[in-house]
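Per-chain numbering from 1; labels A, B, C, D, E and F assigned in written order.
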Amino acid sequence: VNAPTGDPRLERGRTVLDAILPGHGDRMVENLAAVAPDFAHHVVAFAFGDICGRPGLDLRTRELATIAALTALGTAPAQLEVHIQGALNVGATRAEVIEVVTQMAVYAGFPAALNGLAAAGRVFEAKT
Amino acid sequence: VNAPTGDPRLERGRTVLDAILPGHGDRMVENLAAVAPDFAHHVVAFAFGDICGRPGLDLRTRELATIAALTALGTAPAQLEVHIQGALNVGATRAEVIEVVTQMAVYAGFPAALNGLAAAGRVFEAKT
Amino acid sequence: VNAPTGDPRLERGRTVLDAILPGHGDRMVENLAAVAPDFAHHVVAFAFGDICGRPGLDLRTRELATIAALTALGTAPAQLEVHIQGALNVGATRAEVIEVVTQMAVYAGFPAALNGLAAAGRVFEAKT
Amino acid sequence: VNAPTGDPRLERGRTVLDAILPGHGDRMVENLAAVAPDFAHHVVAFAFGDICGRPGLDLRTRELATIAALTALGTAPAQLEVHIQGALNVGATRAEVIEVVTQMAVYAGFPAALNGLAAAGRVFEAKT
Amino acid sequence: VNAPTGDPRLERGRTVLDAILPGHGDRMVENLAAVAPDFAHHVVAFAFGDICGRPGLDLRTRELATIAALTALGTAPAQLEVHIQGALNVGATRAEVIEVVTQMAVYAGFPAALNGLAAAGRVFEAKT
Amino acid sequence: VNAPTGDPRLERGRTVLDAILPGHGDRMVENLAAVAPDFAHHVVAFAFGDICGRPGLDLRTRELATIAALTALGTAPAQLEVHIQGALNVGATRAEVIEVVTQMAVYAGFPAALNGLAAAGRVFEAKT
């Protein structure tokens, strides 16, 4: 999913992904290489290119919405950490991340919020 | 959950709830009166007063985060409709609501997003 | 799933099911007759006979635990109503049912609890 | 999402969708027209073209896997009905559909399986 | 969340929390100090004070209901362990905990029950 | 759950379990011995004997359906690994497993699919 490809979906996706998570694209390609090399294409072209790259909403709000969803679902803690980092990278503050995660106590329960706060704590600590 | 109470949590919650969903507070009190009259207090004082009324994040972003979570969970379609209406009431556009719901196709799957889009359609149609 | 069968699992299950939900066994057999007639056997023999019929916990606590789980999951509102009725049938009070459902606001969020309270309201009203 | 488009993703998706669910594509485009017209494109191009149209697995097994997932999740009963119909359209038997749904009693619990069996009953009855 | 505060919600919550999980309150305050110090207040005042401290149901039944919900949801294994310990602390027996977790095989599937039994095993072993 | 028992449910379950997961039955009995020794009986007699041992669907399709469900639910990663191994043991190819897991991106979201692909990667690597 590198360099000049001529595929506008892939190029847009790569631009969005690099804005949210610099370096993450290469790591994902590497992780998926052994089992499902095609899947990295869909993450970049569809998830980041077709959807998150749509012009109607800024990346900061998009990442906060993703944090809300992943905290509420509670089934993807590693991806939650990645998107907490991503939210910070596109302009959200730590305080805003904490507000969104805290709010999930109302919509998905206290255990979901506590696990989300722990994820935020790990990300903040790694960054310091 | 009416009028001057002297309880600052309840007053703040009532203010937030009235901003997001005018008239909803009374309807909820009525709905809960027969089975769990105390619960309306907690919705107003805790959910809207203690949490959604926190100053660190604007109500528009809070409502978009709630829409993201309820679309992803897929277990509370009635509340999702209420918060889609709420998001519009505090300044989100229809286009922004659609972006957040669409984005959930990536994080919670296409059926979740399609059900969220149907909920948005019902709200938009009722408002027209 | 009727009468003398000689199968002790089925007999124990039928006894438990009749205690919790008199008449429900026959209705379920009828509902399943067209698509999966064998499944009614497993509901009675396994769910009610092997598991809910175990001696280590009284049926009232078992039904309250089931109400907690179904309220938290939020994906089986019809079965939640059935087990709210079942809990009342084996000695739980309406107030205890409401306590368990309310408590789920903490562990699964307010929308889950509100949907559970609505289910309880429908059951209580039908009974009155 | 009609006719000659020149977009191979869309064409492959349309072919797959028409095999699984003849007529469904047009209905979906219509349903989405008012709120999210672009989304129909992604359902066809990504969900059916990029993913379900991959050559490594036959459509019958794909539809049975989808039935398993939607029965287990329990949050998209309308889509479950659509895919039960889809499985029958691409060669699964009613008995095989019932086996997959029944099996979910083990992996997602009896209420999930019972709701899946009810969905199957509705589809079978409509077809008769 | 220490000592004399004059806030009756906090005092009731602290009493309930200390009955269920002696020492846990201080650990939680410490864990949350870096990211969301206010959240510990809501856990004590709302979750344990307003809800679990309600008089209508004994703490033993409350903790068994929480174990049912967390086993069924399967998204908060650390909190499940905490509440298994909590149930034992307020009078539930190990056998009763195992009955509730086992029962979740019926309502949420075998993997959920097996993960709950593993959590119980870790708690029982740590206590021995 | 060993040897000649005379219980046909247990014998059929043991045969199915040994086909899917040779050696797993003994390990499970051992794991459950300390907390819930009876539960191993139900896993073998009900899950594998009564349900997965039904004649209407081959074990390869059954295991692929289980992989779909566990990937979509996302709450039982250890059991997902076990059933990925099980699918390979009863005739599914690595490529087919990857197709089913990849397809869950559509029905349960990209994080669920990515976690499923990681589980597949761990199983494939351990086998090599």
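FYI, a contact is a pair of C-beta atoms (placed from the backbone, for glycine too) under 8 Å apart; a residue touches a chain by one contact, two chains touch by 3 or more.
Everything quoted here is computed from the prediction, not taken from an experiment.
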item: Chains contacting each of subunit D and subunit E, listed by label; value: A, B, C, F
item: Each chain counted as touching subunit C and subunit D at once; value: A, B, E, F
item: Chain separated most widely from subunit A, comparing mean CA positions; value: C
item: Between the pairs A-C and B-D, the one where more C-beta pairs touch; value: B-D
item: Far-end chain from subunit B, centres as C-alpha averages; value: F
item: Angle (degrees, nearest 5) of the CA superposition of subunit A onto subunit F; value: 120
item: Centroid spacing, where centroids are CA-atom means, of subunit C and subunit F in whole angstrom; value: 28
item: Euclidean distance of C-alpha centroids - subunit E vs subunit F, Å; value: 31
item: Between subunit D and subunit F, centroid-to-centroid distance (C-alpha), Å; value: 24
item: Set of subunit C residues in contact with two or more other chains; value: 42, 46-47, 51, 70, 72-73, 75, 98, 102, 104-108, 110-112
item: Chain-level touch network, classified as line, ring, star, complete or other; value: complete
item: Complex contact set, residues of subunit F against subunit D; value: 46-47, 51-52, 54, 56-57, 61-62, 64-73, 95-96, 98-100, 102-108
item: Residues of subunit E defined as touching subunit B within the complex; value: 42, 46, 50-51
item: Subunit D - residues contacting subunit C, complex; value: 73-75, 98, 101-102, 105, 110-115, 117-118, 120-121, 124-125
item: In the complex, subunit A residues that touch subunit C; value: 72, 104-112
item: Parts of subunit D lying in touch with subunit B, wherever the complex brings them together; value: 31-32, 34-36, 38-39, 42-43, 47, 70, 73, 75-76, 78-79
